[in-house]
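Presented sequentially are two complexes of chain A, the first with chain B as partner and the second with chain C.
Right, the complex of A and B next:
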């Protein structure tokens, strides 16, 4: 995976993460490889327990004890807004303080369960505003807000003397905007709330002003999920990770949220990782896919290649085991068995006990992820053809 | 009354009281199932679909008399069971079982698989001791488990295996009818394929009748002979046809049009049904779908549409059924793209 860092916003190399549990060491990530191109929407797929969420948490350094990131490299390639230069950030060597900047501002995540987030006791608008307050420079917002207010009062003013006075004030703030001072707390709060309303508007909430005043339990699952996306996007992150963010929703509401993500990507240019086990969701929204199995990356390519020409036996199994809306089959093709326990993972290729193509080599030698065809990476000794 | 129907329900209603205030007065009622007529034919799989909260689970549980109906009639195997109680109810319950979405929640964690699966046999005085063990083993083998599993506990199994255990237990009393309530929603696609295949095999072997509830329309299509579509407590369409190709109710069409298509050539083509299911406490008047329906006319907010037979047992509850032009959904285009030979 060699490519210029201007094109790639996030890269993960040879990532190992373990959990030291009472039963033994869970080898959850075993050399994960992935990259996300700028502007792409990538699907991260695989069955339960394959390590999708642990990968996402590792990227944000949110793995908590007994879990531990053992080794590997995670690079976020930031583009300096002024100079346009690429600044690689080595996530695994960031300090706790630097991590606070990374989370939210550079990489944001939306989790699966909308019932547990956001915080139930705070109003939606206040919660988003708090995130904004913590991460964003609001000096310009505060001044813009003042100018807006003055302009409004100018419209309603008929007294010419007062008009002149207001105009002078506006001029003053315009001048101040060139190098704005730190705003006081009250102004900053108001500006943050204004941004929150804008974010709710961005995620197409009906009447965002009133939604901002509501509590999470007053919203439906779909609206709560949209509020979460609004919160995640409030700090204009370079990467948005959605971990099964639509899994609990009805197909109708899921379709609404997915369409929203597609629109947002175009509007604000965030790169997106969608973690899902639904191949339909991938086909619908992602232009790139990375398939994981038992803590390893097994295949990575453009979505259309994955669907027309999967090269890894596991990917093929995933695609064929699902009932298709166009088929009338009596029986479904099965992948035998289930995802292995990762305390004692299979040797060699971790898929070998379930693989119809396994050979002796597969039992002892771990296959490397290689670019078998242009732009198509596979980790398998006997790829399909 | 037809001999062919294992289950017949008429004007079935299930309302849940909504209480509030200090004296817990009834302040409203949830219209979970509202005036449903339905026949389930012996040996068939009747699929039930609809958005969350539309009353699928409540319908299934009320038919099994796990919930008491508010009004209406339930006939099971020729017998009116609407008001049965005590030993008579226990007797018919043996013939109807339910399998839930979350197998962990329906198995007692401190009881071995042998005793879990054998419990209905013991409780109903059918078998105990070694005879019970032999019967349980036979059941386990039917669902693909072995003797080695007999004395293990639920936590020692994977989700898919636990679902098999639940199915084995449901089969213990040799039932005629099983309600499957989202049996594979919490399993992976590989396990789902195994479970669905198993359920079809068992149906053939034991001549079972299924009511199969699921969110996943492709799965329901795969499993079902007929599909009932529910919206806010009512059946709006009941069809023996392919719902992806021949939907006649605007809600059904909207539902199938939202299904993500597993083919990147159709990316972004799924259609959006705007809004969400309204509260079942004060459901909309007339046709309950009218606030979201793109075809709604004045009449739709006033008159309740009846389920009408549009031919071949295809029932639709819409005033304008058969006259509406939905256009073609991307899902239809997708399905049709397989009818053309690849080199044509």
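Right, the complex of A and C next:
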């Protein structure tokens, strides 16, 4: 990867994450390589258990015991909004305190199951406002809110004396807005709640004011998922990770949410990672794809390239296993064998026991992710074509 | 469902339960003994007994007797306690109730103030030293019978320290009756009355007297709350919404005390409610050991004397307290968990 830091918002190098279980050490991630270009929507695909979610959680350092990130590098390249300078943040070397500024503010995540992820005892609006209150500067919001209120009361006021008085007050706040003071807690909370309502509006929630006052159990699955997306996007994060965010939804709602994500990407300017095992979702929403297999990155390229010219035998197998409408087949082709047990992973290339093209080299040497063709990275000793 | 309907429904249910309890206790009392024995003694001539029986309505058929009992009950006539020189039961209850409630509240405060934080600490530092200590502490609490534990406490903190001329806790009673001879009760709650009268020394004396019986009575509840809090906290900390809270960048403290605690409190509150009723009955043993002039000791004596009116009265009161505690728990539930309010 030779690109400059401005183009790439998130890079993961040689990431190893293990889970220490009673049966033994599960080597869940085995040198994952990833990069996400600014403004891209990247699909992260692979079978269940190949480490997609662990990768996502590792990026936010949300891997919980018995899991542990062993080594590697995760770098978030932040662009300073004023100077435009790029500041690389090495996530794995951040302190717990610094990590709090990263989570939710720079990198946000939407989880899979809308039924279990919102906290059942808090209002939707409060749950969104919470993250806004934590990360955002609300000084201007508070003053704007006060001015708005005064303007509203000005319209309803007929007494000229009082009108003058209100106008003076508005002037005072306009002056104050040039250098707003720290708002008190109550005002900040109200401002954060107002932003929460705006976010709900942004994710196309019908009557966002009343939804904000409701509890998660009063909403449908699709609405809850949209609320979770609103929560994740509330602080304009640089990267949004959708961890199977649409898998639990039915197809129509899934389509709505995906459309919404693409729309929001343009509006907010977030780069998105969509974790899925659904190739259809990838084809529809992503412009870049990274394929994972058994804890390793096997292929990474533009979506179009992947579908037309897969280079890795695994990707090829994956694509031929997808049923196509225009073909009439008795039985779909499959990748022989099954996903390896990650407690005792195969040596060398983790795919070699199932690979038709495997050689002696594949059994002993782990292939590195290299740019075989321009804009097409593959980790394979014997790539196709 | 509105909160008002919710409360109304629960109150109606509570009344039914209390009614059931008083019916069952009446039937039991009707079966086991002849109530007239409380009104006669060895000097009563045999021929006078039918008259006494008739005077109290004990010669009527049982449905009439039951009706008489109910009608008296609702008119505030809970019968007279033969074992307490024929004082009306309701009057004795009013007299002794504050001492027991005061003890139970102190026990509850011990249990809640120590139990909930211990449970949280134990859960958040699972398998560390403090967790092991807390688990042993709470296991001891649920395993030790109160009569043994209270005696041991009294032996060490009162007797053993006293014979070695060390500062020690008082061995019983609500306050030092020999020092404060002229103390007059107003409401019956010692701590409240002494504060109303501005009598700080007796307030402090009352507090000191409450420590040992309060802790002895509350230890079991403390242990139950700690264990419940620990397990429900551990359960909640595995929930997805905790991961979500962490992913927002919230501090671990906020995650635990805002997001996890409220969810973990729901099962704990049930236990607290039930335990409060248990404290009143548990007071029977504690009051006997610490010479506490409360309901428990009085109930024990009434049982020994087969004083049916007194036993009925005590049972009814305990039932009302149980039901009220559960009603309050249900209401707190509604506050803690929005799903219950509408469910």
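Basically, the second predicted complex is superposed on the first by the 384 of 385 C-alpha atoms of A that agree within 3 Å, B and C clash if a C-alpha of one lies under 4 Å from a C-alpha of the other, contacts with A are read in each partner's own complex, and residues count from 1 in each chain.
The rule we apply is simple: a residue touches a chain if its C-beta (ideal position, glycine included) is under 8 Å from a C-beta of that chain, and two chains touch if they have at least 3 such contacts.
Here the structure is a predicted model, which is why all the values come from computation and not from measurement.
Engineer: Both complexes share chain A, so when I overlay them there, do chain B and chain C fit or clash?
Structural biologist: Fit: chain B and chain C sit side by side once superposed on chain A.
Engineer: Could you give the angle made at the Cα centre of chain A by the lines to the Cα centres of chain B and chain C, to the nearest 10°?
Structural biologist: Rounded to the nearest ten degrees, it is 80.
Engineer: Touch test for A:105: chain B only (first), chain C only (second), both, or neither?
Structural biologist: So A:105 only meets chain C here.
Engineer: Does chain B (first) or chain C (second) touch A:148, or do both, or does neither?
Structural biologist: It touches nothing on chain B or chain C.
Engineer: Going by the contact rule set out at the top, does A:329 touch chain B (first), chain C (second), both, or neither?
Structural biologist: A:329: touches chain B, not chain C.
Engineer: Looking at A:168, would you say it contacts chain B, chain C, both, or neither? Reply first, second, both or neither.
Structural biologist: In the superposed model, A:168 contacts neither chain B nor chain C.
Engineer: Using the touch definition from the top, say if A:262 reaches chain B (first), chain C (second), both or neither.
Structural biologist: First partner only.
Engineer: Could you say whether A:285 touches chain B, chain C, both of them, or neither, answering first, second, both or neither?
Structural biologist: first
Engineer: Look at the residues of chain A and decide whether chain B or chain C touches more of them.
Structural biologist: B
Engineer: Measuring by CA atoms in the overlay, how small does the chain B-chain C distance get, in Å?
Structural biologist: Least C-alpha distance after superposition: 9 Å.
Engineer: Sort out for me which residues of chain C touch chain A in the complex.
Structural biologist: My answer: residues 239-241, 243-252, 259, 262-263, 336-339, 342.
Engineer: In the complex of these two chains, what residues of chain A are touching chain B?
Structural biologist: 47-48, 220-223, 250-256, 258-259, 262, 277-281, 283-285, 303-304, 307, 317-319, 321-335, 337-339
Engineer: Within the complex, which stretch of chain A touches chain C?
Structural biologist: These residues of chain A touch chain C: 60, 62, 64, 96, 99-105, 108-109, 111, 113, 116-122, 130-131, 134-135, 215, 217-218, 228, 231.
Engineer: Sort out for me which residues of chain B touch chain A in the complex.
Structural biologist: 51-52, 158-160, 188-194, 196-197, 200, 215-219, 221-222, 242, 244, 254-256, 258-274, 276, 331, 334-335, 337-338
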